[in-house]
Amino acid sequence: MNILNLFVLIPLVMLFALWLCRNIKQIRTVMVAGSTLLLALSVYLTIDFIALRSAGVTAPQLYCNSWSWFPSLNICYSIGVDGISVAMLLLSSIIVFTGTFASWNIKPQTKEFFLWYVLLSLGVYGFFITTDMFAMFMFYETALIPMYLLIGVWGSGKKEYSAMKLTLMLMGGSAFLLMGILGIYYGSGATTMNIHEIAQLNNIPTDIQYIFFPLTFIGFGVLGALFPFHTWSPDGHASAPTSVSMLHAGVLMKLGGYGCFRIAMYLLPQAANDLAWIFIILTTISVVYGALSAISQTDLKYINAYSSVSHCGLVLFAILMMTQTSCTGAILQMLSHGLMTALFFALIGMIYGRTHTRDIRQMQGLMKIMPFLAVGYVIAGLANLGLPGFSGFIAEMTIFVGAFMVDDTFHRAVTIIACTSIVITAVYILRVVGKILYGEPTNEEHKKLSDATWDERFTVICLVICVAGLGIAPMWVSDLINSGVGDIITNLRP
Amino acid sequence: MNYSQFFSMIPEVSLLAIFVAILIFDLVATGRYRRMFHAMVCLLIIPHVYVCMEFGGKEQTLFGGMYYTNSMIALMKAMLTFGSALVILQAHRWLRSTHTYYKQGEFYILLLSTLVGMYFMLSARHFLLFYIGMELASLPLACLVAFDKYRHHSAEAGIKYVLTSMFASAAMLYGISFLYGTTGTLYFDDMIAGITGSPMQIFAMVMFFSGLGFKISLVPFHLWTADSYQGAPTVVTAYLSVISKGAAVFTLFTILTKVFAPMTAQWQLMLYILIVASITIANLFAIKQTNLKRFMAFSSISQAGYIMLAVIGGTAQGMSSMVYYILVYIVANLAVFGIIETIEHAKEGEIVRDDCNGLYKTNPRLSLLMTLALFSLAGIPPFAGFFSKFFVFMSAFDAGFIVLVFIALINTVISLYYYLLIVKAMYITPNDNPIPHVKCDLFARISLGACLLGIILLGICSFVYIGIDKLTF
Amino acid sequence: MIIPAEYYLILATVLFFIGVFGFFTRRNLISLLISTELMLNAVDINFAVFNAYCHPEHLEGFFFTMFGIGITAAETGVAIAIIINVFRNAKSIHIKNLRELKY
Amino acid sequence: MEFSIFILAIPILSFLILGLCGMKMPHKAAGLLGTTAIATVAILSYIAAAIYFGAGRNDEGLFPTLIPYALQWLPLGNTLSIEMGIMLDPISIMMLIVITTVSLMVHIYSLGYMKGERGFQRYYAFLSLFTFSMLGLVVATNIFQMYVFWELVGVSSYLLIGFYYTKPAAIAASKKAFIVTRFADLFFLIGILIYGYYTETFSFTPTELLLSSAATVLPTALGLMFIGGAGKSAMFPLHIWLPDAMEGPTPVSALIHAATMVVAGVYLVARMFPLFIAYAPEVLHMIAYVGAFTALYAAIVACVQTDIKRVLAFSTISQIAFMMVALGVSLSDDPHKGGLGYMASMFHLFTHAMFKGLLFLGAGAIIHAVHSNEKSHMGGLRKYMPVTHITFLIACLAIAGIPPFAGFFSKDEILAACYNYSPAMGIFMSFVAALTAFYMFRLYYLIFWGKSHYEEELALYTAGKTTHEPHKPHEAPATMTTPLIILAIITCVAGFIPFGKFISSNGHAYDIHIDAAVATTSILLAVAGIVIATIMYAKGDSKITQAINSSMKNIINAAYHRFYMDELWLFVTKKIIFNCISRPIAWFDRHIIDGAMDMLAIVTQKLGNYVRPMQSGNVQSYSVWFLGGALIIILTLIYFA
């Protein structure tokens, strides 16, 4: 029995158990038990992985296993993890765990909500553990579609429009992606769907790579909020319920970056080297443009969504720089952004749940009314703008140092442009903090509001600890990621 | 001439036996026996699926090469029978209604005779047999479409169907006649020698193809589809949309690869145009539809386009993915129609999309099944439709139709949009007066349960595809 | 004197397209039915001619003609039955009554 | 020196304790906890200094650089990594003393000053955080660690400026401070990136080999780092945040915005001094010019401000500029051959921290007494606040450069270095020094002399013209006066410290000697400044003052508005960045990019309408399509297949 299978099995069991649940207590029990189990599992996996690595196991993938699935099409259910996937699994577990608490009081149709929620997380886990392109793609799409209902039913605002837009744009992206996957499969001689085997074959002709690299990259890039395919993100995040925003920004958007790295870059190295400049320009635009757009937003979630565009742009940016350091930074940034944004969205959700508005012009002085949430918000904001001691700083610094290692004017110039985002980030974060938290509370209605409840506190504290933990002690994550990144980089830069 | 050859066609003959049994039962049964009629038919037809698989699978050629069967064809027959059985199961409630109750037997007989026709279509290796089979598969369907005698829409749908069908068969025969004229034979196996790809043969091929295109309802031969689907009784629509389509697609594949092999370049271009037109135009129509059956008609046109993606390569992989697609399509589409049938009964009238508003509140299970079925149709994992679509795309990609696959993929996004509109209606749009809770009868439950299992398991459990793949060629 | 095959074929073609024309332009359901009969008859002529002139060694074409006539008769039967149904519901067999299902 | 870890550990622990459970503590406990912690750290620092300097010089005649702790924090690729550690060398030891001393004074002082404030515990938590960050900054073993703590001091400054978070001005000021310094940090970061890439290390002392290969880019890197330093140290034109930062509590201004954080830029340049002097002397001279201009600018502006804390803020800017100038005018790393500036700068940093801290704390006491920052609410306070008055006067004399107070010695060294660099620079800086004496004494007279605002109010009240009884100014409590006295004592004696013995540009001992000519000039100029100030302000608004005011109305008005620098920045940020860039981008995103996506959907929907006629419901037209379609396909196949 491969331990990785549990990541798919536990959600399946949870789905089944949820289906049988009769009341909210049982649902919560199932959710808490399941997500705790998953969290424990991923922590165990992380520790075990590090132990194996330090014991000198150098295979690129550990816990590998493969079962033939559709033999005539060379489709297997192959699983295996390297440092990157382990880190991503840990991130997913944390977000799923905290997301459960963040949606503690979700209404109505609690059971259905969690059913779709678990299905979503099933897709996410599956995506990270598999190494077969077909299986990855399957899990990828499995993770996307529950978003529609999660936003459409439990969302707020113009939820139907947003949900539809999000789903269609992401599915449009996966249409590109499917092209890319088929192109890779047939380009490499149609002998295997396993990404590592394809990478070893390394026989895709260059002209084919030129066609399918952009398709694959855009395909994943849509989910990674690549400019100009990012517009689903603000609307989608604004309408989504709290835990869905958390999961979406925290984990789902990472699928994009992970996929770009794992499939587009890894398997199509030649094209990646030759065409990277196009996407570097796009991602640089993403980074700066997202941040600048965030400045003049008035809806809290929009601000954060644009901030996500900027930060996820940085992930793709770093990946495209193709140095060991920048790619490590990209993974760190995924982790860090996942945790920070989850924290942010959790807090926004909690604030919105009380004030029933997300318009920053209508809120003031929340620090006095709900100090816990406000302090949490300040911490999240500081983490977001890259304060040392929080995860954002190490990720950004690793990226910038890594990006600067590419020694030519173009890369230098875009790196410096991307660097400016740290200032712009500070502007919009402090603008919000100043507007809504500080000052004297003016709205009489708001003065009666209460501070966080225990489940909310728990969510916030968990995430803050994770963000700070990663920021203060980055070495182990960095070590964890490094080997995984190294393999891919070797393939990219022979 | 050896008459024992007749008895070698086990699926056909046993189906005829069932046919006769039903006919006799219809004549003699009265009173409480009649109430068991439906159960009896179901009990007869369901084992027949097994009979097709088990006894029809032996590869053999009969009647001097006119009739051919092998395990793949047997599987197709079994699948069609299975689909028909699901349709019959769903028909129970409708058959109990006042105007149809007394002609219950006719329904079974007409339906089974079309099934016999399809068997012959599948097994035909001669154009005459093929033609007879195809007419046998179409004509009773016309009667079925017009089955609701007192409903104008039903009659209108029937007349549209029958007229277009006659027109199409005339066109097809015209094509066959030229094929005959240029090659001097009507046997598939012999004809290939005479196929040269001359303009006359291109003309003949396209005319011939238009007849089959009518059955598969590809654009531009599709225009009867929506009207007939809407007007026909829902059960019949379900049958039209999956079973008769499935048989036609399979036959088309056989003929294109067997007979027109020397003209591959031509028919591939033809299919290219038809696929793009079918998928795109059907999608554009579907976006605007509010009537659910009409909507499903356009959806099925677009699905037909996707099936053609498997045909266009003409490869073994295409064959298996096509058969697999048909199977998945049968369960998913029948699930949708089963649900439409059920809620139509509750509403007593045609279902438009707004009727689905808030359906989830009152009928959670039906809505969930509907959602899964629609997701499957849209190709969303982990449901079976995802796998079938993926394989179809793979086979077309394998054959080198990269741009075509891309166009089809873009269209899947549009199709997802309109499928989601229904999901949205059921889950999201608020409604003070949703359709009240509907209790399904046992037959419908069995049918929907089978569909549900199929939707969930057909993809993930790979042995189905592997099994199909083993039978290919 | 033997009539050349082309004459028959031209006749058949003309007949077919007369049928097509009739199908496109007539407004009465029975007329439409008759038009399709014309088309099918043209096909039957085709088969017979091809058999007699081009491939006289087998009788496949003639057989096809025979079956074609039979099936056409069946089709007509069904079609007329449905037309009667239409008449029962609409009290007319004019084609304009058949436009309720559209778009 | 292993115990040095506690110098960092104690403040951060104190921060964590106060931050996590401070709200549950009584004020007194929290204050005492913070103060005790910092007192311990201060003692540890003194011990460290004593041990370090006591150990004496090594064989090369240098104080050895000790690195008791260094651990790899974040590996960045094969060669680079960020380390965290503690590095002790003369300047970091000196900084430790400065920071812990001033911080301790501020902690004690705040016990009285902040008494009863809402968020007292939070205040102490932030102070601890700041102290930790600042200490971490000065003991940094490498430039990246410095950057890390650089950001942390930035944020603690942000938090402390915004301490009164319900006050709009404080919110704006904190935001401005953070963003302006962050903007400068961007350049710092880029400088670090360049530095790190070419020297393949972040440490302050790369190998010679790598350095020479990186020689061409080092000036750029160092120049960019200086911009970062200029942001923190409020050099023109990045100074705009500092005057506004006075919205924070006054002790915070004393600690952060006078004594410690704002000199981080100077410290940075001093840290990189060996590289500057070896590879980028021209950049160093640019620094000198920037510093000189800033010094003059700030001094002029300080002359006309009415808010006493603003005056002090501009005075700080001006004094820091002096330090920058001192570094900038260095010509070599040998103090005997034109490298005097380095030592002078550090010396001035040290003395300035003490007397400027004293000035701010004194101002705090005054504000505490009169509840206002405006000079118009003061005047004649010497009677009411004798201790504050005397200590303030000492500080004023020190900053004006009157012997034997500390400022004289350090400023004298700076001026000497300037004259050594070029006479023009020397004269210029001497003039600025005179201006310093002038504005400081203007401030002094306005506060402590002239007509008493309280008495005027009281007179009005007793005459029944106002109903509001004025608040009588009173001397501050002992918790506040004690630090004043201690700092005043230090100010008096610090000048006699043989500073050159400990710190000099090449590490060798250097004897400070007073250049008689320079000293005389500067004393004379300072006295002249004081005299002018006395004439103009000692008796309240004299005739001369009014005459001067009216004759130079435009200039004074412009100077009062700080030569409209704020307005310029506001224009750039609000009008250009917010309105002309951000908003259009947001609009563009919503309407063009998103519009394009929506457009796709709309077009698809519209196309749906266009195909409708095909499905007309007429079976005959269906057949036309049927046959027509077939014919088109036939033709296509015949001609294209």
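First chain written, first letter: the chains are A, B, C and D, and each begins at residue 1.
In this section, contacts are C-beta pairs under 8 Å (C-beta built on N, C-alpha and C of every residue); 3 or more make two chains touch, one makes a residue touch a chain.
Everything numeric here is computed off the predicted structure, so don't read it as measured data.
S.K.: More C-beta contacts across B-C or across B-D?
M.R.: Counting C-beta pairs in contact, B-C comes out ahead.
S.K.: Approximately how many whole Å separate the CA-defined centres of subunit B and subunit C?
M.R.: Subunit B and subunit C have C-alpha centres separated by 26 Å.
S.K.: Express in whole angstrom the distance between the two chain centres, defined as the mean CA positions of subunit A and subunit C.
M.R.: Their C-alpha centroids are separated by 65 Å.
S.K.: Taking the mean of the C-alpha atoms as each chain's centre, how many Å separate subunit B from subunit D?
M.R.: Chain centroid spacing, subunit B to subunit D, equals 78 Å.
S.K.: Just curious, how far off is subunit B from subunit A if you go by their C-alpha centres, in Å?
M.R.: Computed from C-alpha means, the inter-chain centre distance equals 42 Å.
S.K.: So which bits of subunit A are touching at least two other chains?
M.R.: Expected reply: 168.
S.K.: Please set out, as single numbers or ranges, the residues of subunit B touching at least two other chains.
M.R.: Only 159-160, 163, 167, 171, 226-227, 288, 417 qualify.
S.K.: Which positions in subunit C touch two or more other chains at once?
M.R.: Within subunit C, the residues that touch at least two other chains are 23, 32, 98, 100-103.
S.K.: Can you identify all of the chain pairs that touch?
M.R.: Pairs satisfying the touch definition: A-B, A-D, B-C, B-D, C-D.
S.K.: What part of subunit A is in contact with subunit D in the complex they form?
M.R.: Interface residues on the subunit A side: 165, 168-169, 227-228, 230-232, 234-235, 289, 292-293, 295-297, 323-325, 365, 367-368, 382, 385-389, 393-394, 397-398, 400-402, 404-405, 407, 415-416, 419-420, 422-423, 426-427, 430-431, 434, 437-440, 474-475, 478-479, 482.
S.K.: Touching subunit B in the complex: which residues of subunit A?
M.R.: 69-73, 75, 134, 137-139, 141-142, 145, 148-149, 152-153, 159-160, 163-164, 167-168, 171-172, 175-176, 178-179, 182-183, 185-186, 190
S.K.: Going by the contact rule set out above, which residues of subunit B touch subunit C in the complex?
M.R.: Going by the criterion above, the answer is residues 127-128, 131-132, 135, 139, 142-143, 146, 149-160, 162-163, 165-167, 169-171, 173-174, 176-178, 180-181, 184-186, 226-227, 230-231, 288.
S.K.: If you look only at subunit C, which of its residues touch subunit B in the complex?
M.R.: My answer: residues 16, 19, 23, 29, 32-33, 36, 39-40, 42-43, 46-47, 49-51, 54-55, 57-58, 60-61, 63-64, 67-68, 71, 74-75, 78-79, 81-83, 85-86, 88-90, 97-98, 100-103.
S.K.: Can you list the residues on subunit B that touch subunit D in the complex?
M.R.: Per the touch definition, subunit B meets subunit D at residues 159-160, 163-164, 167-168, 171, 199, 202-203, 206-207, 210, 214, 219-221, 223-224, 226-227, 265-266, 269-270, 273-274, 281, 284-285, 287-288, 414, 417.
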